[in-house]
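Structure in structure tokens, see below.
For reference, chains read A, B and C in written order, and residue numbers begin at 1 within each chain.
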């Protein structure tokens, strides 16, 4: 997908120090704005129910949000590189099913099999990437088709009945606690730092911004385009597989539809976090904010005593409001006021 | 560039031809055999696959292993896909279709056409309102009102409760919840503080219950549809306190009800709800009609509501439910295993392995069903259209109120 | 990677018949061939496939997805994604089930109602995307959620009855032969072929291919984009109407299964998801191919567990072929 957004292009081409400062100001504002919205929602939740807004709700949001944070890191990388990954639900299920089937049914303590499960997911992500980069199938279609294929293969593999139990490692990850803090929260914090380093502080990250902005220009500038196009899908599939394992640890088992509810939220988290769906722009911290915002919203909405249809309408309206508030033009205006 | 193009075409051609090689005209039919289709919504949760496995096991049990050709078709959650599948089955000359219908109304036109061509339709669990189909279901047996009363009794008529519901906009979920609210509304002391949709899934139930607990950590009881074991896990995640709750038939929930540790933490309640065994009952009824052993006009048949209070839970040692046992131990089945899949009276041919793998039991043969079938009461939108609800709707059948409103 | 400018927009007017034929086949050629080939296999496997009843049943099954995919094409051509269709179709469906209006007059009213619903949601989408410059996928995700909520408020469980006139007449065959649902889809295609020759039609392609260039050459980009969403909404409304005719009842979730399928149909038809290239007719045939593929896979007796593998493979292969062939065409 080519990106014809001249704004993004000039930011990149100008390069040098101005680019960094420009990027920081806009993207930091965007990330901060999401974080502020999150806090406002949490505090506002006290009006819905007095028990909300407490530390225990924050804990719930962080644990439930950890799935979306990990997932949307991968989705965010793919989107940043100018693609889109619709295969996430199937990859989550793949990770979950393999973890319970291979590890859970033989030896729940066999933690060393977990990396192999992730490798398999990475391999499938590699196939998706090959279809996109070599066969030139649009990402949307390639990942959708891959999703259908993997789901079907899993259905056949399990004969419709997933077996096995959650690996001990996965349970420890989701249920354990370290220094009195729940392990999944510490894990998520670690993951966010690592993700931020990869996306914003590594050469690979910079390559992604480059190819997401303009592939041909990136190629001329010496970016290893093939690697930079393939890796996001591999990482995205791996993250999804990891989410599958986390979900298995959280709820003690796998089902064939365990990933279904995460596709649209993963895209929404990335976009609400200020990334461009066309690629080339966005930060992981913004995405994390988007993921937490969506999860917070979910916990509050479910506490409102209205019928489901009305709750759904409110949820949609809040998502829309968030999008409108986080609009880039607004930031530009704010930015010009600042100067 | 050009070379690349040629290459990719060649590759695609190669892939395409292998794909096509798998396509052959359907094998010549053995005219002796009954052609039966098993049409599912989606496979992948324990309930759906157990229901399918029971039918597969029965079709592989003598004498049906010689006389029945069973073909399984999965249609996802899209009623249009099931309409298309039914059309194809009718065109292929089906004798009978055993099905979990995705919609209670959208399939009616296609079913009517099939009936006109002489196809028998047996719906299990979920129902259709077309009256030329047979519905075999527990839906009319009052899951919602009976479990609600059980919870009210446990709570002495007062307390804050959660409703963990099924799928929004689904007629089964609505029937259950309407029945439950009919009871809860009679008790002003009962306050429904949170109501959420758990999609009949353990993991979703756990997440949604966790969200509700964040807002209402002081909940006193939970009324849950399928997925109930997720609610137990969410309570354990949040602290060491369990509450009285009612739910469906997962092995995890039943074992928890019988577990003294869990009881100590406050768990009590009833396991009731949707039995996958309905599929086997529907299949056997249909085969008895097809083989001329039974005459039965299309009707709504009620499958009894399973009802296992905490005190009655008994762990099995063998492969079948015998001597009053009603749940398999954790090393035998996963926690999501739906316990009401066997029925010593209606389905003596199958065992737990049949439910897990669809395999027949060695040496078993098909046994005749009891002659009598229980006709279900009319419920508009559930098993009939443009009809009146029966007067006994929401009448309690399994439990007496121990507290007065 | 600059996208190819639409051929059809730049060709000089040719003799009407020839150009019509070319318009029909351009881009759509491959998918039409695939469809015919699949139909041949289907006819070979299932002798009853060619009976008028079977054809009509297949058409009835195809129409909602075909119309929804046609609507999606509008948005995709102008370089965007539209998720709102899941909500629009559901709202139309539950509305028709809750407020059945009998008779041919009632059917006309019902169609207008659906079109109005679709157009209003489309207008909101268009406003959000074209004027407030939200990203299309995000804005329509929000409207989709809201619309699904509205559908649940109107009808909170499946039920209700769609007017009998609609149910019987819209799924019937004229003179026992021609399926009405097929005619509805055909007339949409015909309308599109006319629309494509107008300034608006040309502008959609131009905006999708290169917004900057289109703007410089005097196209009102905002208005075109807005129009594309409204056009899409109208077609979703019609899709909801045809879906109601087929299912005869209301279901607040009825639109959801069509969501991702429309993208598959659009891509199968060879329309570029990066905008500016492709056409509505091809998407319609793409949708028809997806529905037919279900039938063919059923007749081949492939285990239901594995049909998804074939569906995915066909999707990838069809897109690989169509890009490869169009690339060869360009190189010549």
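Following the convention adopted for this analysis, a residue touches a chain if its C-beta (ideal position, glycine included) is under 8 Å from a C-beta of that chain, and two chains touch if they have at least 3 such contacts.
As the structure is a computational prediction, the values presented were derived from the model and not from experiment.
Colleague: How are the chains arranged in terms of who touches whom: line, ring, star, complete or other?
Modeller: Complete.
Colleague: Identify the chain pair with more contacting C-beta pairs: A-B or A-C.
Modeller: Greater number of contacting C-beta pairs: A-C.
Colleague: How big is the gap, in whole Å, between where the Cα atoms of chain B centre and where those of chain C centre?
Modeller: Computed value for the inter-centroid distance: 35 Å.
Colleague: Approximately how many whole Å separate the CA-defined centres of chain A and chain B?
Modeller: Going by mean C-alpha positions, chain A sits 34 Å from chain B.
Colleague: Take the average of all CA coordinates in chain A, do the same for chain C, and state the distance between these two points in whole angstrom.
Modeller: Inter-chain centre distance comes to 30 Å.
Colleague: Give the residues of chain A that touch two or more other chains, as numbers and ranges in rising order.
Modeller: Counting only residues that touch two or more other chains, chain A contributes 135-136, 155, 159-160, 308-309.
Colleague: Please output the residue numbers of chain B that touch at least 2 other chains, ranges allowed.
Modeller: 8, 12, 43, 74, 168
Colleague: Residues of chain C that touch two or more other chains: which are they?
Modeller: In chain C, the residues touching two or more other chains are 151-152, 156, 252, 303, 305, 313, 320.
Colleague: Under the definition above, what is the set of chain C residues touching chain A in their complex?
Modeller: Answer in residue numbers: 1-3, 83, 128, 132-139, 141-154, 156, 210-212, 252, 260, 263-264, 267, 272-274, 303, 305-309, 311-313, 315-316, 319-320, 323.
Colleague: Write out the stretch or stretches of chain A touching chain B in their complex.
Modeller: Within the complex, chain A contacts chain B at residues 45, 48-49, 51-52, 54, 56-57, 60-61, 63-64, 134-136, 155, 158-165, 175, 247, 250-253, 255-258, 261, 298-300, 302-303, 305, 308-309.
Colleague: Spell out the part of chain B that touches chain A in their complex, as residue ranges.
Modeller: Touch residues, chain B against chain A: 8, 11-12, 42-46, 48-50, 52-53, 74, 168, 193-197, 201-204, 206-208, 210-218, 230, 233, 237-238, 334-336, 356-358.
Colleague: Quick check: in the complex, which residue numbers of chain B touch chain C?
Modeller: For this pair, the touching residues of chain B are 1-2, 5, 8-9, 12, 15-16, 19, 22-27, 43, 71-74, 76-81, 83-85, 87-88, 91-92, 103-106, 108-109, 168-171, 173-174, 381, 385.
Colleague: Which of the residues in chain A end up touching chain C in this complex?
Modeller: Going by the criterion above, the answer is residues 1-2, 4, 6, 86, 131, 135-138, 140-142, 144-149, 151-153, 155-156, 159-160, 215-216, 264, 267-268, 271-272, 276-278, 307-317, 319-320, 323-324, 327-329.
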